[in-house]
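Okay, so chain A shows up in both of these, paired with chain B first and chain C after.
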Partner chain A sequence: MKHIESRQASHGSTTSYIIGFVLSILLTILPLWLVVNHVLNRTALIVTIMIMAALQFLIQLLFFMHIRESEKPRYNVLAIILGIVFVITIVGGSAWIMTFNSQVQ
Partner chain B sequence: MEPKFKISHFFIHGDPLILGADVSIGIATVMIIFVLTYFKKWKWLWKEWLTTVDHKKIGIMYVIAALLMLFRGGVDALLMRTQLALPNLKVLLSEHYNEIFTTHGTIMILFMAMPLIFAMMNIVIPLQIGARDVAYPFLNAISFWLFFFGAMLLNLSFVIGGSPNAGWVGYPPLSELQFNPGPGENFYVLAIQISGIGSLATGINFLVTILKMRTKGMRLMDMPLFTWSVLATSILIIAAFPVITVTMLLLFLDRFAGAHFFTMTHGGDPMMYINLFWIWGHPEVYIVILPAFGIFSEVTSVFSKKVTFGYTSMVVSMMLISFYAYFTWVHHFFTMGAGAGVNTFFAVSTMIIAIPTGVKVFNWLLTMYQGRIRLTEPMLWTIAFIPCFAIGGATGVMLSIAPADYQYHNSYFLIAHFHQVLIGGTVFGMFAGLTYWWPKMFGFKLNETLGRWAFWLWNIGFYACFMPQYALGFMGMTRRIYTYGWDMGWAPLNLISSIGAVIMGIAFLFQVWEIAYSVKYGERDTTGDPWDGHTLEWSLPSPAPKYNFAVLPEVHGRDAWWKTKEAKERGDYEEKKQELEPIHYPKNSGIPFILSVFFFIAGFGFTFEWVWMGALGLLGVAICLIVRSFQYDTDYYISVDEIKETEAALRGEV
Partner chain C sequence: MENIVSHHTDHHEEHEAHESIKIDGFWLFLVSDVLLFGALFATFIVLRTHYAEGPTSQDLFDVKEFTIETFVLLTSSFTSGLATLEMNKGHVKSLITWLIVTALLGATFVGFEIHEFSGMVSEGYKMSTSAFLSGFFTLVGTHGCHVSLGLIWMIGLIIQVARRGFTPVTERKLSIISLYWHFLDAVWIFIFTVVYLIGVM
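And now, the complex of A and B:
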């Protein structure tokens, strides 16, 4: 079966997994620390968290999802474009929809 | 920390209905154990079913579980309709009524519609694309058992701890600790969470299966339309389910850890829950309808003896639906008042998504046009679906007009609308699929006469039940009320509606009878192709051997099996003699079952906030994962001799 054959393909080294893991953990703990300790003001905090989220997204793609290793990258590219569209829709859409809150209050 | 829930919270007492359920569950359990022991079937159950990784058997288990859940959800529905049949009845008290409509909705969507769809996917997809199993058979078994134990967790709430009561949507602040301190909502959150992991894995599994495991020669545009519909659904599942997982996690943190994501105070925003819920919830609607569209396409084509009219436009419209499905979610809460800009955008996007669906309806009609139509049971369900869905679609477009929606919102008009598209679309579709593929699953056809009884009773019951509800909505009856007075003038229509519900209940009994009767007397399918089918699954014996295809077929173009049959008739079919080769096959494994039991223990522990039990469950989950990572001996080869023997036995009987 095809899924057996793909086992022989390279799936990254232990080092790259550990790097990815450590970076992901850091990018998760750091925002929490910023929130808990009230280090930044509101706008700066939101922007920082968003940047870290985007970075984490890239790290997961590179280190865990093996975005660079495929004979046929077409599916990857399609999936990522679709994914980005959905992420923008969910985040941007929610922000837009929730602006009514500031008008109401 | 003192545990919040004590043993005294455990059993619910005082309600005769629940006492009855307690007793019947006890009796059923004892009977199952007795039968299994008496006939010495424990080993058989474990080896053949609980540990199986065969997609066909997993599919059958999904069917059984889904039909049981249909029964449970149906009983809920009948209880509600009994309570509402006449004004001022006291069949259910208000609190109990709240629990019943909550479990009815949750079970019907997540534990009836979803598993029926997964059943169809599992049973059909590998056979249709000429594959020997799904891409990840082990993961597939995990998906099933997680769904199963998620469903069991929710069902348990009825007799232990108390059911959730904040509606199937579980909106805060009602679902928050402040207004809902009992374990009920925890059952809801954790059951959805556990089965949600399974659903997500199923989406990934089938996306990969369809993209990577098609047989030689089958291009994407050669795929049967059911396969296309599952591809579209898988994409929807992958993008939508993480959202509900996160939403439920946040709600759980609110309830369990004292967070304030959705509370009324401390900066929480209940509206955000509603927003996130429907970012999942709207694609979910299309997750449950698209496979039904796929089934209808197969059925109309086969029973009209024509190729599908407008195949390309069918594919394009399905993919468009799965894309647009992400841009309509606000129409579930227009009345939140997000402003004219937001509501206009989502009203227009909702109207747009009706267009590809309309295209599909015309394609089905034109497929039937001038076809040689055979009115078999699957075809009957398909023909009944079209007008039903057209009405449901039209009322949907009425609801999509944002200003008008302020009138319809949460009225019985809405209830009638979504039952019309869910029953008329998804449920009829699954019945069409079940009756169509039943011979492939079990090797015999379902009895046509009893099937027709069930079909007509379902349809009469459906229209009697839900047409009056449109009117009741206009008369001001709102959803989720548990009683009303004579002075409202709603009594006659409600009575008709309740009678309709009872007729549907009788229809379900006919289906049970139909299955039971056909097990014994149903026409045996000796050819493997009882309907004169078009696609590859009908080229196999019924039921198919565990490896499906002894030799993987090579196909050219659409409707491969039909073309082969035509070539055979013309006499210019040359069978390529291919040597049998040993078939690589995954070994059965008990881990998916055990892993899911641990998930269940964890879910139960966290429901009662008994952290030790939750932690124990999660520890078990971790151990299962680790054990699996170190298993290398996970597959084997089926020898050529065994294949020859199996094939000879299968064909020999023919």
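And now, the complex of A and C:
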């Protein structure tokens, strides 16, 4: 019995998958609608849709990949946070330095 | 019931611990894949506006096509989650059914991407046309390769589960492929946003 309980606890329920799916659909349609209808100015639009992408990424980690429910020392959480720090540094740094493009040329 | 459980516990728990280490190991692989895609995203962002004489992203991207692609992959991520739930309940047949649905949706996604890529190439817009297209084909193509590889893996696993049923080993493999599949959808969210949405803006 204990075995079965622990298995179910670590893989979520139908409800959590449906919540994750519905939220993901909303967070896909909303940025698409914003972009197609040019609702905001360019910078605000980019910031808004990036935030929505990050939110959807978080939702997938929590509701689909059940990252919170892994076993005690959560090395996987630490590892993925470290990975995300690296990616933000590499991607954000690259994007930032390219804004100086016109000054250098 | 109590007796049978305790009888198997020692052996079983040892085995489970072993399998769960492999799942942790797979998380580390996913983190290394995060870094791979991070590097490709950085490259794409740097080269994004370097069209040379080639087409711009507005010329190339079709809103309807990439929206359908996105929803097909998102739905396949959901159905692979449903497959995991069936595994928890111990239903082999419905697990296999959901995995087949997932694989079909994955194949549809790859089909759309092949259609998109071959359409571009047939118009003469190749990887060598511009820096933008080099970055685009590398980033989106690497993701497409991951999905294709996942498809082959999933088909193999369907066959294995159909033959052996649920064992600690097949259950671990099923957990891992569902993690992999959700991860690919998570990467696609950023391709959808950074490459396609910002591209047609």
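Note that in this section the second predicted complex is superposed on the first by the 86 of 105 C-alpha atoms of A that agree within 3 Å, B and C clash if a C-alpha of one lies under 4 Å from a C-alpha of the other, contacts with A are read in each partner's own complex, and residues count from 1 in each chain.
Following the convention adopted for this analysis, contacts are C-beta pairs under 8 Å (C-beta built on N, C-alpha and C of every residue); 3 or more make two chains touch, one makes a residue touch a chain.
Keep in mind the model is a prediction, meaning the values are calculated, not measured.
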item	value
Which of chain B and chain C A:P31 touches, first, second, both or neither	second
Touching partner for A:I84 - first (chain B), second (chain C), both, neither	second
Contacts of A:F57 with chain B and chain C, given as first, second, both or neither	second
Partner chain(s) touched by A:T48 [first = chain B, second = chain C, both, neither]	neither
Chain A: partner with more touched residues, chain B or chain C	C
First (chain B), second (chain C), both or neither touched by A:Y75	both
Partner chain(s) touched by A:W96 [first = chain B, second = chain C, both, neither]	first
Doubly contacted residues of chain A, that is, touched by chain B and again by chain C	1-3, 75, 82-83, 86, 90, 93-94, 98
Residues on chain B engaged by chain A in the complex (per definition of touch)	132-133, 135-136, 208, 211-213, 235, 239, 243, 269, 271-272, 275-276, 279, 326-327, 329-330, 336-339, 342, 584, 635
Complex contacts: residues of chain A adjacent to chain B	1-4, 75, 82-83, 86, 89-90, 93-94, 96-101, 103-104
For the chain C and chain A complex, residues of the former touching the latter	1, 5, 12, 20, 24, 27-28, 30-32, 34-35, 37-39, 41-43, 45-46, 63, 67, 70-71, 74-75, 77-78, 81-82, 84-85, 87-88, 175, 179, 182-183, 185-186, 189-190, 192-194, 197-198, 200-201
Sites on chain A touched by chain C in the complex	1-3, 7-8, 11-14, 17, 20-21, 24-25, 28, 31-32, 35-36, 42, 45-46, 49-50, 52-53, 56-57, 60-61, 64-65, 70-71, 75-76, 79-80, 82-84, 86-87, 90-91, 93-95, 98
